[in-house]
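One chain, chain A, links the two complexes that follow: it is found with chain B in the first and with chain C in the second.
Presenting the complex of A and B:
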């Protein structure tokens, strides 16, 4: 209580953030009740009949449920393996660029895709990879190879999905790492130079260890999103032929929940997704701590 | 080392904190979109007339984002005129603009949030049934009786045909004045002439014709560029279809219309079979598979989800056959912009395995007008439709004397260029009660209608067979207006599954193996139960098959 009185001004500063989370994060959680209801649009949240666990039972009985879960995990896992290290490498490389102009220009170029909507990026990807008109296949033909219908082949689609995510997000992701790198004490580099370390050695022994905490924390956060997936990218890149790998939880919820009005079922799906995410964050944090580093809490 | 850990932690957390709220905002976009859309149509609210109190009514209006000069829909001539006419009858009308492509999302959100307009519109009969079942719509029987005498006079036949659920009226269906409106087959006459070929009369002959188009390249566009049959991705957004060829393979339209754009199935010996459960259906997709393998449909059709390439194919003159909703003159005109000698003509339905010829024809009812329970003044909604019925010419042809003049039952445009700018791009969407204004025109009438074009005789020659083929071969599917619980539960998943599975079957290397997936997946999604339920309904309504 004394502590409260002494630092009341600091706590006052905290109030907006607390209010924000209550209004936009905690109150909407009440909507999860829909998962346990036979939700009727017109009778509203409280007027609808209770359905017990019927929605969850139905969820497991949908032939597609395991497929969409698997696809979500698969695409996210690939994302974690490929998209997560990409900005780190990029940041290390940018950091080594000596020319300020070149650095600025290449940074701006790298950020650009982040500001474009996936619908636009999706159109670009389709156009570039089109078997008849796309530039990639033109190059393949020119090299005497057979053209590839990238977007209609499941394996190629997954590769395209992952790499286009790197293209979109890697540049933007470097910001955090570059910020962390600038915070490194120059004395460490000087000491390394005196000790006779080359560039590579400096990266490995100074830069990387210094930004390790940042990496670990971002990694924990990324793991927490393993089961959830944005809707824009899969929606913009998917098509009927690759639906076996492209249909994910978010697109399913959109198609069945919003378009067909199956709110109860899709809320149940969303809830299971959140619970799994929470477990993953807790687990990742636990392991990070055990591995000797620092966790989120 | 400890110090750098802390610093890194701080940076990461700071940035995470900045980005988290942004992510939260992104997640809430759905709701934001709905409310912003409803706020756009507010132009009328400001112009309150002084005399007496006006009843407020809010009406859906589709935006096809096709404004020729950036004009806003709410500021257009006909909108203003309609609002003026309605004000005379004590109504303050506000149009709630929604993108045409977001019909089902917007309607669902409005139904859920209660913030929607007083009149919502859809072609989706199942959606109407679903909302009626859940109690989300006002019953309109008494209101129509009391406030809608002009509506009843204008569209009697369509009111009789549709709009009820379990015997009660929940929708006022627009009437199609001509039922010659549905998917129809068209072929390039100039290509046939160049090759000295006759128009194909069966599916097998179609194959021979397409093959000749590909190999002999009558359009001179380069063999590799010919896409004989223009077809987009099999999806909800498709603008080109395969109704005609599938009828030709022996599938009919005895099932209820769903979101699948193809003949639904056959009612044989008292039992309904969905198209995918029929051997005729299988043979048809084997046919498409063959076309795909031989390059007679676009190699990229499965990724043409917006029908962009489809449109490009026929307008740029590399295609010779298609099945779409447009009449042959409309597409001829479009194609002639790049290929002046192009001539698309109607292809009569193919002779089917059982010797009959048939094609889908539009039902007499069309767009459904509904009043959601969230509307506080359902009477005003019906009153608005009655005002619309009184002023129906406004939304059928524009303002008399300004945009059109009447000549023996025909509304002839006075200045087509002015109309294209001022009214053509939207006024049909304001017409919630009729589609078109007259039945099928005679050849003489057509010549008059197109008097402004340089070639009215040719147009009449192109269009006459189009109307004739609907009159001769057109069939209408059943309208089941009793609850179908199995369908409500399964149809969404079946539809979604089939869109994906059929596309895969068409491009499959091994068609028979892939077809087994189609059938087993259809069964897994409850296809057989769906068919059994349709059978019950068809038997109860004493349905006569469209297959004969």
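Presenting the complex of A and C:
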């Protein structure tokens, strides 16, 4: 009791946060009941009729559901295959650079896209890849090739999406690996030198194994986010011509839910995503701990 | 860079007891004589790594340079594909046009307001939440941490949050872009770890002298946390500056559009052209738009570039601290 009294002011400081998280996190969680309702904007949440599992049945019956799930998984899978190894490779290369200036300059340049909004990055991607006036197609023409409709062709759009994600995140992602490399005991490298190991051998036998725990944890966490996808990148890069591959769960919820007012159906879609995501993150955390590392919690 | 200096100091301490024959695996500090010798294999290896890194860095930077060049190039130069890294047939017309457009300037002011007010409120509420949680002697701290971490793992999603914002009558106000993101659980945890690095003895000594919790927070903790406040503040500020989906979701009023949302409206118009270019005839309009579009992008980016050196310094530190748990 004495403790509570002594620190009453600290508890008062926490009041705004409690209110904030209840209003903007827990009430929306409660708002998931919309998924079980035939939501009517005018009758409100409690006035609307219960719909049971009708929204979920409808979700599985619409063809878009298959499509947006496939697109979300595909883009995330490509992200895992391409965006995940990129910072590791870059960090290994940066670590081999002896010129401090080159290292510093290229780090500064590589971090830059991380600080730009997806609207800016998307605008730049569209401008650079434009079939007529974009510089990339200009270079292709100089090389005697035909121009490519990067943003209007489905395959190229997926490739562009993935590579622009690399562009945005690879440099920034090196920080955590470079930190892990810094923590490696230099004695290991000396021992390797005495053993006659060359530079490549040292990377393979010292550096990589030493940062492996970091790689494993980040990989597991990335797998944990397979079904969730942010909205800013897909929304900034999508266009109507490639909507067959560019429509993902988040953009669908926005387009059909907010724009067309299908609250019940899209809440159900969002809920399925949130629940699967929670399961994956919990499972990922479990595996991260079992892999001998620290989990998220 | 953090890693650079750290690895250098590590190598110099390791090589402190001079090893004349040992070939150092770590980069040699600048003060020491240059490296002993490189085998031909190493020369090839270095060349490969250096050139790969330079190429990658260049590819990373190239789109920005090209956009900057386009913003200051004539439409004929863009049309004939002459613009690569620097402006061709230099002109400032597009830039003038953008800066003369009152709606762009208005959206710039909205974003500046949002960034300043939003970041201030973010910092205030993050501090008052993180400080009590950094106190190991606070009972019930674990319960609150769990209460907060749950919100990082599970959320109601876009629609229920939208309805909450709507029912609070925040739609079409700038508060809709500030209040729903007022406290980031992630940043609270980072700031809490910062606060926990301040030795507890300091507080004990202050309490001896009759210093209360609030006074201790304001007089001792905050002045000691300058770097961490800057880091978290920059996290929030860049978030405010770059966020666009909030404005797309909550704001219809054209007078309240943020810079990024305004940029999106301008780009969407021309994106349509880009994807449908194969069907449309070549129009002079699109070409002028290319340069205009580049100019808007430049306007939206320059403020970030100005604070970039600070960003880099603090953000690198901050993102390292994110991995420190407490």
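Points worth noting:
Definition applied: the second predicted complex is superposed on the first by the 240 of 297 C-alpha atoms of A that agree within 3 Å, B and C clash if a C-alpha of one lies under 4 Å from a C-alpha of the other, contacts with A are read in each partner's own complex, and residues count from 1 in each chain.
The working rule: a contact is a pair of C-beta atoms (placed from the backbone, for glycine too) under 8 Å apart; a residue touches a chain by one contact, two chains touch by 3 or more.
Computed from a prediction, not measured in an experiment: that's the story for all the values here.
In the superposition on chain A, A:94 makes contact with chain C only, not with chain B. Of the two partner chains placed around the shared chain by superposition, chain B and chain C are both touched by A:24. Chain A is touched at more residues by one of its partners, and among chain B and chain C that partner is C. By the touch criterion stated above, A:211 is placed in contact with chain B alone, chain C being left untouched.
Of the two partner chains placed by the overlay, neither chain B nor chain C lies in contact with A:156. By the touch criterion stated above, A:141 is placed in contact with chain C alone, chain B being left untouched. Of the two partner chains placed by the overlay, only chain B lies in contact with A:221; chain C stays clear of it. When both complexes are overlaid on chain A, the residue A:239 reaches chain B and chain C alike. In the superposed pair of complexes, A:65 makes contact with neither chain B nor chain C.
Judged by the touch definition given at the top, the superposed model places A:40 against chain B, while chain C stays out of reach. Looking at chain A, you'll find residues 20, 24-25, 126, 130-132, 149, 151-152, 175-176, 179, 239-241, 258, 263, 294 touch chain B in one structure and chain C in the other.
Residues of chain A touching chain B in their complex: 20, 24-25, 40-43, 62-64, 126, 130-132, 149, 151-152, 175-176, 179-180, 183-185, 209-214, 217-218, 221, 239-241, 243-244, 255-256, 258-263, 293-294.
Residues of chain B that touch chain A in their complex: 1, 4-9, 11-13, 15-16, 21, 24, 28, 30, 104-105, 108-109, 111-112, 130-131, 134-136, 233-235, 299-300, 302-303, 305, 373, 492-493, 496, 499-500, 503-504, 507, 521, 524-525.
For chain C in complex with chain A, the residues that touch the partner chain are 1-4, 6-7, 10-11, 14, 19, 22-28, 30, 35, 39, 41-42, 45-46, 49-50, 52-54, 56-57, 60-61, 63-64, 66-67, 70, 78-79, 81, 83-84, 125, 128-129, 131-133, 135, 137-139, 144, 147-151, 153-164, 168, 179-180, 182-183, 185, 188, 212-214, 238, 241-245, 248-249, 260-261, 263-264, 267, 270-272, 274-278, 282, 286-287, 290, 293-294, 296-297, 300-301, 304, 308, 311-312, 315-316, 319-320, 323, 325. On the chain A side of its complex with chain C, the touching residues are 3-4, 7, 9-11, 13-14, 16-18, 20-21, 23-32, 34, 45, 90, 93-98, 100, 102-113, 115-120, 122-128, 130-133, 135, 138, 141, 149, 151-152, 167, 171-172, 175-176, 178-179, 181-182, 186-187, 189-190, 192-194, 198-200, 202, 206, 231-232, 235-236, 239-242, 250, 253-254, 257-258, 263, 266-267, 270-271, 273-274, 278, 281-282, 294, 297.
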